[in-house]
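A, B, C and D are the chain letters, set down in written order, and residue numbers restart from 1 in every chain.
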Amino acid sequence: MFEFGEDKPKEECGVFGIYAPTQEVARLTYYGLYALQHRGQESAGIAVSDGRSIDVHKGMGLVSEVFSDRVVDCLKGKMAIGHVRYSPTGSGLLTNAQPLVVHYQKGMMALAHNGSLTNALELREELGKNGAVFQTTIDSEVIINLITRYRQESLEDALVKTMLDLRGAYALVILAEDKLIGLRDPHGVRPLCIGRMGDGYCLASESCVLDTTGAEFVRDVEPGEIVVIDEDGLHSHQGFSEIERTSCAFEYIHIARPDSTIDQLSVSESRRRMGIELAREYPVDADLVIAVPDSGTASALGYASELGLPFGDGVIKNCYVHRTFIQPTQEMREMDVRLKLNANASVLKNKRVVMIDDSIVQGTTSSKLVEMVRKAGAKEVHFLISSPPVAYPCFFGIDTVKREKLIANQMGIEEIREFVGADSLHYISEGGLLRALGTDCVCLACFNGAYPIPVLT
Amino acid sequence: MFEFGEDKPKEECGVFGIYAPTQEVARLTYYGLYALQHRGQESAGIAVSDGRSIDVHKGMGLVSEVFSDRVVDCLKGKMAIGHVRYSPTGSGLLTNAQPLVVHYQKGMMALAHNGSLTNALELREELGKNGAVFQTTIDSEVIINLITRYRQESLEDALVKTMLDLRGAYALVILAEDKLIGLRDPHGVRPLCIGRMGDGYCLASESCVLDTTGAEFVRDVEPGEIVVIDEDGLHSHQGFSEIERTSCAFEYIHIARPDSTIDQLSVSESRRRMGIELAREYPVDADLVIAVPDSGTASALGYASELGLPFGDGVIKNCYVHRTFIQPTQEMREMDVRLKLNANASVLKNKRVVMIDDSIVQGTTSSKLVEMVRKAGAKEVHFLISSPPVAYPCFFGIDTVKREKLIANQMGIEEIREFVGADSLHYISEGGLLRALGTDCVCLACFNGAYPIPVLT
Amino acid sequence: MFEFGEDKPKEECGVFGIYAPTQEVARLTYYGLYALQHRGQESAGIAVSDGRSIDVHKGMGLVSEVFSDRVVDCLKGKMAIGHVRYSPTGSGLLTNAQPLVVHYQKGMMALAHNGSLTNALELREELGKNGAVFQTTIDSEVIINLITRYRQESLEDALVKTMLDLRGAYALVILAEDKLIGLRDPHGVRPLCIGRMGDGYCLASESCVLDTTGAEFVRDVEPGEIVVIDEDGLHSHQGFSEIERTSCAFEYIHIARPDSTIDQLSVSESRRRMGIELAREYPVDADLVIAVPDSGTASALGYASELGLPFGDGVIKNCYVHRTFIQPTQEMREMDVRLKLNANASVLKNKRVVMIDDSIVQGTTSSKLVEMVRKAGAKEVHFLISSPPVAYPCFFGIDTVKREKLIANQMGIEEIREFVGADSLHYISEGGLLRALGTDCVCLACFNGAYPIPVLT
Amino acid sequence: MFEFGEDKPKEECGVFGIYAPTQEVARLTYYGLYALQHRGQESAGIAVSDGRSIDVHKGMGLVSEVFSDRVVDCLKGKMAIGHVRYSPTGSGLLTNAQPLVVHYQKGMMALAHNGSLTNALELREELGKNGAVFQTTIDSEVIINLITRYRQESLEDALVKTMLDLRGAYALVILAEDKLIGLRDPHGVRPLCIGRMGDGYCLASESCVLDTTGAEFVRDVEPGEIVVIDEDGLHSHQGFSEIERTSCAFEYIHIARPDSTIDQLSVSESRRRMGIELAREYPVDADLVIAVPDSGTASALGYASELGLPFGDGVIKNCYVHRTFIQPTQEMREMDVRLKLNANASVLKNKRVVMIDDSIVQGTTSSKLVEMVRKAGAKEVHFLISSPPVAYPCFFGIDTVKREKLIANQMGIEEIREFVGADSLHYISEGGLLRALGTDCVCLACFNGAYPIPVLT
């Protein structure tokens, strides 16, 4: 499940939208963002619209830090969108917080974006030649400039034209005129689903949000689909003929909450099946299966059950690690992992242990973890990973590290095993992962470099 | 494990102390408090001493909010104590934050307290008659007034005399002169343990802190023992002849982190054994065992293993619930539990489920949880509790609710079952709990009203 | 001088710019804004440029609240611009704080504006038709959109073309490419002057800033002039042929600091001469001349000296009124003026008093003041005003109140006298004011409605 | 008047108290402190009492920063006291903010203190021997410990006994039981006056506060008098037979607001008379008289009128200097005075100038000022001081600098003249000052070392 740590890929964003004239849309958006907090802890924002005018409040920090009761009460309207963000590149400025709100020829518009465009620079340049000025460095500003420029036409036509210009991954929620709009790129890389609540509708990056806000799951937005919600209900427009669905595999492996279902596949169930596949590929004669919490837990349970091994809480997570804290000094550097995770000696003592994690990015955290588990008394530590080696950067909205820093790019499996200090190391195979997911329609680019959308590398 | 919620008992405090002239004592105390954060999220404080003068910084909020790098760097000394606090009674004022620092005839003194005195009012009155004035409403101020009054004698004698006056539960860390002192009440209700780090020592409410700060576990402070740490090392004084050890059973059931060991018993292991005892007392013919995370997890694993049933992640916790958030309005009241916990439908669908929680206080959260699990598809919900019914308030430092509000005080088991809406309900028996803990030397007063120390009821 | 009060016109902005590659430009801008604080207390911002990239920091509040040492140190570059703002219309949002910074086709640009456009809406509409989107409601965004659109041409040509489009009052400082630019509208309504500091130059709304930052006064920017400062020094371009200079008379009367000189006329001296003209127009047989501090002081001294009357500190100002404070409740409403000003009974007792203020807007403050002075013992209160009646709103950057609320719009002089409760009331005549200023080249629109630039009324 | 600057003595405190069961006492205290803000900008606090229980809110910063509407509304009661503080010795900690509130044998008590005890250390030691512990380093804690210890007796007797123990300067406001108490040391060094408001009474350090809050001046509290206000009205007790009144002369010279009257003498009037005495002692053949604002203004007006010379606004103060701001770096050090004060060239050019200031402490600011005035065009600068040379430190509540740093301690008049760079320098004589004040009953210790109360030097 949604892990925090320097050695994990980080999702950039979560989005939420709601159209519900009879309900407190800002407050419901607040709770929606609260349930999406794991997708971004850096900034949060909510924009509300009464169909004409749009109010917005944004700030740096957690949803609970950015919004007070008073602020939420001031945001009145019949529809709203919200956004949480993790900024990968240190560009963590309030200016870049979303939703982005603009005034243009036809009124106001607000937009929030999850994903990443691969032709943003080209589009900026072209727009710049036509006189556009930019006040941020975010893709949303490019997208909103395109939509408003095409807006001589109907809103739907403008959206279709915009989609023809965009290259990359995007799940968008938009407030325009008296409509709430959701759309997803033609490959459906980033998730977006639809819920019904009373006489209204909502849109969310993950289905767990619907449970939290009391909405009923309707369906996922389809790749390339434009969903328009207004007083006449929900309308679908195929903005783009679907090329080929390639949902992000990493959502299942690491990012999404286990209680979410994305494109008809339960995250929790898919992780359990990754554990089963690992057990089939690499059964270890061990006394105990443990997980690196939280995202390794479901896989570890699957592995343990498949082999009939006991599962134990061998690694304990500090519940408060999501908060930034004072970094250890150089002399205390070895302490950083210990502040987040601790080996539970009473469980590990004298055991041959299988430890399951969802991924290895740079390898430093893994090596400290293996050492910690060993020090706590484990006789053997077999390290199993529920994803193939991450060897390529993501250009579609997940921040990994630079390619040079990816350990799978620098070392072979045996070298990595030695580096992390495990008795054995096994990554799930691509085939095993696909079997666990039950589909080929996923993006595995970070494992095999086969980017479904052209990127500049 | 350390749960947050309106329907759970709340520990009031965690303490940490360190004597290590060659190390960064304030920074290590910061990390120690970080690992104790689950014991109190309301205020945090650190006092440092160079043997003569004491500096202190305290504030409202989480450790990571109260302390910045700059503040920690300013706290220089050779020893330090720290404190995190949850204030039960709305008296959450900065004035009441600890450690408490005073100037007195012999210099300065700082003190931090975990526990609760039962004769605090009497002592205040007596001290008042002798001219004492009080600026706070906390027990620490009473204790420090007693120590300083007896200080014509040696420090150790003053501490012994003070202990003769005190009635109730207390684990104390004190900076006085050039010494770090730890002491524990004669019943040893609240935990306190000793670690060695390099040429220094530290004291902590829980042993998991020692793992985090890189200290090596030495032993628990004994009931009634006064531990003095100075440049000559560690000295033990028996301040009070041990009456009878009665460690708090709720530390094992709910409060402490699973990776802590208290009075020689692993918290994680004790919870697993509670699950085993539950399985023996009340085996259910079910398809799945699930836990209310996090403190029910180890018990659920024990239960499942004992009966050979599968364990699943049927309830998912939002990692950010530790943060205060905007309360739902009256109309959204049913949402409060959903913001913290969510049922994982993909795991629960059509299953006969055993759900294990560590305790029921008022019962409202439990009833919403059972309903949530049922709505997510569970065919049957058998609700098992790893503690006996909580029917009496705690006077020794754990905040429950008023006795009238304890559901076990108002209803019989069958009524409670009906109230929470479970197919069946079973609490572990006192005998089962004692077997799981492997000792009779525990305080079970909140279950049976047999207070080991006289209280005013 | 720079007065604070609900019953005074409020200037919207002050600007500062500096080009000084060898100096700490951000820190000097900080001090420059500090000296301009009286022109706007709502928000403050500084943008620095190294010739290519621009950094900016903005915030709500006083300069001393928005900027810390650390923030100023982070702003590194060879040139900078800064801005302080008072927002008249409740639109006091961080979004609207200046300088505004944009990315466009040729790089980055930052702009800060003092004044107000009268054709902003038209320009927004036209730009909108050409695809522009706006993220703020400030004129700066319109101006920057025009400049960047004309930027296929040279920067200077783009500025000239932009000036042809703009209607209204504007004094601008701009960072573009490796240049600092200052420009003033063709009527020169709002002030802007040039200083030299070492090998660099600075631009400021008022000359008192030059004294503070240690710069030497060079000259005022001319109406319609574009001043470009770069590594080759200072260059002047006539952006617009001067139509007719009409400097804002209210700068002399009320807004500017007395130690500033604007368009060759000392503010302090001009106020003293207003007092002399008042004495000639309306000599009163009185015992004492007092001022409403601070902007009435110089006029009162002039009046007293012309008639050989004693001047006394009859009204004392609380030095801390610049801070927002808790508003009195309805029952305490009469307290609001007393919190800012107090009558000095020891000076006023049994005196026939001439009290000089610079203007009356709504009249409520004046009436409370007169009553206060009378209560303190004055036998007669003759109220003299160093400006003609304010009867028309300003569209050029000074916030008065709505025209309907201007007392001079609702009542004749005798009625106003009665309303404020003075024994006699005299406003300086337009002729007297022009004699005091020594020029006809001033905008008197707020007195006579003769707007030198077309406005939509 | 109330000046800010490193080169001026700084008053430590202002106090306010109110007993008015039918009024909003906390809000009125807020406005009272607002009017006393010039006496202390470091911390502020308000305590309210309903006759039994006392609530308090304190914080670092200006009154307007420490208190919000919400906070003031929460402070409910029938009487209140408030305090503003400037901490001289860098001990600017929240712990030391006042009022101090304690619980003791008879209930609660709150106390706020203006002044300084000279036997505080002795008293602390004695109290410590009897078991007292201290949590602050302020005199208030010593005083409150004494009062509560004597409280077996009646409150009035306890106060009398306490006064017998105290040595030094103190003006106190106290909330005890259902009474508001004001008292002043037997020499009456620090001011305290009484006002009536409706059916209630208030106490304040300065009479200008009464004007602000709408109270009517009744009289000054007498030296050694204890004033008790309760539901039966105002009662006076002579706590101590008056030894000899020695009001602080510096209140008149520099600290108090000109619109205050202390011990029957108007501050503004006394300053004007200091100017007249200066004119008689040292008439200069000059073209212009100017003041260092604000506290030199009244003296300069007196000087000018006595000699028939024109007065001009030759030095202008930045209204925002009360705010802490970023200190200039070493290279910009000469800028510090310019940030606060500016010479007004248009007034000074080619003039022979008399500049009047109220005091010289270290001399550095004066020398920069003289240089600034000269640079602005003054042909001659004659520097006249409305106090005798400050050569001795104050032990009664005003922070000057260490004795070694007082320029009058290191140099003769001629040397000082040379140091500050004036054409001539004259301090008012002690005789002249006494004539201006019209009484001998003042403390002149900082000028002549004749401390009316024994001090440890």
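Simple rule for what comes next: contacts are C-beta pairs under 8 Å (C-beta built on N, C-alpha and C of every residue); 3 or more make two chains touch, one makes a residue touch a chain.
Values in this document were obtained by computation on a predicted structure and should not be read as measured data.
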| item | value |
| --- | --- |
| Fewest hops from chain B to chain C - one hop per pair of touching chains | 2 |
| Most widely separated chain from chain D, with each centre as the mean of CA atoms | A |
| Interchain centroid distance [CA atoms averaged], chain C/chain D, Å | 35 |
| Distance from the mean Cα position of chain C to that of chain A, given in whole angstrom | 50 |
| Junction residues of chain C - those touching two or more other chains | none |
| Complete list of chain pairs which touch one another | A-B, A-C, B-D, C-D |
| Interfacial residue positions of chain B with respect to chain A in the complex | 1-2, 24, 27, 30-31, 34-35, 37-38, 62-65, 67-69, 72, 208, 211-214, 257-259, 261, 266, 268-269, 294, 297-298, 301, 305, 310-313, 316, 318-320, 322-329, 332, 334-335, 338-339, 342-347 |
| Touching residues on chain B, where the partner in the complex is chain D | 94, 100-105, 109, 124-125, 128-135, 137, 144-145, 148-149 |
